[in-house]
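Structures for review follow.
Two complexes come next, and they have one chain in common, chain A, joined by chain B in the first and chain C in the second.
And then the complex of A and B:
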């Protein structure tokens, strides 16, 4: 029987499609989370008041921060999920190597981030529509697709990139932990140090500012791209040493 | 052509040895049985060959490559065991469709005919099947994939006798039509002996025997008689195991008897017969039949 020679890219494509089918429920969870967030957000819009004597102004402020928050939470869970032994073993039911499995995961993260970016930005439009239906005077801060298409697509891109980075960072952290379970301790200590700190951590703020305060879209994409490549390289190097089907 | 070569391979989990000093090679298009008692190291060996686990020391070569992380090995081999866990949302027909996409030699028609024969519905999920049906589905995948290297690790776990017989028959028929290198691990030596050409016996983490099944059977002899008869007949011979049946005893001994010595056995009233493959395997793994009786007689 002659041997079959496959290229890594062929197998990555097949693994990507397979992972997409086998993880379809993850996307359903994203949509449900975003819908829940939108419904809750609309009911819990921040109400503000100001007045001087006979003049009184009351306004509701609605944003999609909640949708974004839940989307990032979903991205973290998804990033973790793809590092579990169950996911790895499922990939190795078919043709797979550490390289193809990781590349397929990165493709899946890219696709999922794009979907998350689109739905998160569209949720803003949905929230605006709900507000308009309530027959109130509406001041919209963010432009829509037709009035400012460049802004709209920039927002989609930025949200997708943030989601992708979240997935990649969490994925890399848990790949490191998969390699050696004891390495979970420094990450837990780091988490506690950041979350229990009463003053904002400067270095963490610096890291977030490094991306968030970047006004040039090209520089932002460059920074995010380099970070993603570093994460990908690190997770690839580590996962090449991880054995599968260890029971 | 040699498909699998292991050279002084050691494997440890933490500091516990799983395999020690394993050296052997397996040629193309041979069905080799991998046998050994529980914990002997069969599964570890098979997973190293499949490229799932790496060696601690020594070298494994499959299709002339290190299988750990090799795309060539992964694309040309399939590993079937009783712990295959498929993605929960996917139905069996979707899983089969994925196998078709991944494996170049996949025979969809055969897979569907076997699914129908074994009465496994396509529109159900793997976890909803009984243990025996799950194993049968896995076995169907292993046969229909027609990989140049096919590895079955305890494929018949949970199958009833009829299903096990059908599996071995299907495997043999497909192997005759499409020869490939097959590694088959099972505790049921008697059931798989008809399909095996070679046997690899692992005992206490080391290779105890690797060769043809017929050579192994010919290397041992069963002799029956009274204890006194057998003792005198086997002077200077290696006795592998002893079993007592009333006044009669049955010993398995290493067969280095000459023709004259065999004639002498007959004259002394000692009956000698060739061993079954299972007896030879038990002899190699020093599992004397009746040994459990000694536990209760102590």
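And then the complex of A and C:
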């Protein structure tokens, strides 16, 4: 046994800790985005006013949709950031391989997703408190932590998994683009095709429904796990070629 | 609009700064320790706020609103009055008896919102008019998942003076409700997915159902589309 010999897992762990420390500011950005959404956008408030004659009804609907939306936006940016050359070059500080480099990134995504999941669901308490302090007729449609803790934690799980998948998908896309910059064109065209689509059903909608319509936690985790493994394998294969190309 | 522009500008500039700094491999203004302290403090603060809001929710008075059941949504009071079918008790606002002398005048007035009369002639004789007022129903949303707000709608009951009845102007009222729900996307394992947005509402008119004996002469001064005369075999 050699003192200088390090297992792959030790390298991954060291790289993960290094990446976590060097990307600490990214987490601060997430929290700032969430605070902006909670305070300025009031979660994501929607108001409908209706009236007839002497009668008027105003219905304000507040939710954590805004916080969730900005968190997904942050996840996309984070996924992209991890593919930048600056991040990849950091791997040279360690005796790293593309495998350990990618595994460390995935660990970081996992940690970031967990933080994003926890803070997004917890932010509901802040949005609710703001409404409670405004002395309004408040109807709480979502069960709280005390009344239904199980449902509370399933929301944390769902948010964490969706954030992780977002990061993995964006990461894989940008790894592909790093391999060949021209490949950005098909992705842009694809994005426009989907966003401009007027048909009620499209393949992107079907993909989202594939996860969103799943009400069994185990099956949802299975689907997300298989997707993440496929993304991980794809990004690993491509990033190996990028390394060869760079060297 | 202004606020939205400010938010988008803030977001775009903060993201641009982070990307630029990360690509250059430089740190943002704070030290790493500060970022982790901020992370811990933020999560701890959110936990405390969540507990406070949960405790407040248990002590605050909440509006007594119930979801509309499909059967309630489908129940048609107008049809039930015309066909003589039983009407659920909760639809009835008040039932009163009025003694009239010889004739009854039903006057047209400005109600403020929809109202419909149903006038049935009974062959029982006598001079007692039965008056049943069915509440206006108010349901937010456009499907059966909405809330029944009917109990919050204030109603001025018909005024009876001697042998005359009219409905006074309904009170000016503004109802304001706020609903909170977690994002539906992350509530997929719960049974608490809700309407994203309460678009519109349905309001059924107040109904005044009068059962007037044949012996009482009727003077109906209503517009033809604001009442129905019912004759039973």
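As a convention for this text, the second predicted complex is superposed on the first by the 228 of 247 C-alpha atoms of A that agree within 3 Å, B and C clash if a C-alpha of one lies under 4 Å from a C-alpha of the other, contacts with A are read in each partner's own complex, and residues count from 1 in each chain.
Simple rule for what comes next: a contact is a pair of C-beta atoms (placed from the backbone, for glycine too) under 8 Å apart; a residue touches a chain by one contact, two chains touch by 3 or more.
This one's a predicted model, so the numbers in the text were calculated from it and none came from an experiment.
> After the superposition on A, what does A:184 contact: first (chain B), second (chain C), both or neither?
Neither chain B nor chain C is touched by A:184.
> I'd like to know which partner A:107 touches here: chain B for first, chain C for second, both or neither.
Touch partners of A:107: none, neither chain B nor chain C.
> Let me test your reading of the model: by the given contact rule, A:240 touches which partner, first (chain B), second (chain C), both or neither?
first
> Touch test for A:169: chain B only (first), chain C only (second), both, or neither?
The answer is neither, since A:169 touches no partner chain.
> Considering only the touch criterion stated at the top, classify A:11 as touching first (chain B), second (chain C), both, or neither.
Touch status of A:11: first partner only.
> Go through the superposed model and pick first if A:50 touches only chain B, second if only chain C, both, or neither.
second
> After lining up the shared chain so the two structures overlap, which partner does A:221 touch, if you call chain B first and chain C second: first, second, both or neither?
neither
> Quick one: classify A:125 as touching chain B (first), chain C (second), both or neither.
A:125 sits against chain C, while chain B stays out of touch.
> Who contacts more of chain A, chain B or chain C?
When the residues of chain A touched by each partner are counted, C comes out ahead.
> Would you tell me the residues on chain A in contact with chain B in one complex that are also in contact with chain C in the other?
21-25, 86, 89-90
> Quick one: in the complex, what on chain A touches chain C?
Contact set of chain A toward chain C: 21-29, 31-33, 36, 40-41, 43, 46, 48, 50, 52-65, 67-68, 70, 73, 77, 81, 84-87, 89-90, 115, 118-129, 131-132, 134, 136-146, 148, 151, 154-155, 157-159, 162, 212-215, 217, 220.
> Any idea which chain B residues touch chain A in the complex?
Spelled out, the residues of chain B in touch with chain A are 29, 47, 51-54, 63, 69-72, 74-76, 79, 81, 83-87, 89-90, 94, 98-99, 101-105, 146, 148, 178-180.
> Provide the residue numbers of chain A that touch chain B in the complex, in ascending order.
Those in contact with chain B are residues 1-6, 8, 11, 14, 17-18, 21-25, 86, 89-90, 92-100, 240, 243-247.
> Contact residues on chain C for chain A in the complex?
Result: residues 3, 7, 10-11, 14-15, 18-19, 21-25, 27-28, 30, 32, 35-36, 38-39, 42-43, 46-47, 49-54, 56-58, 60, 62-63, 65, 111-114, 138, 140, 147, 149, 153, 169-190, 192, 194-201, 203 of chain C touch chain A.
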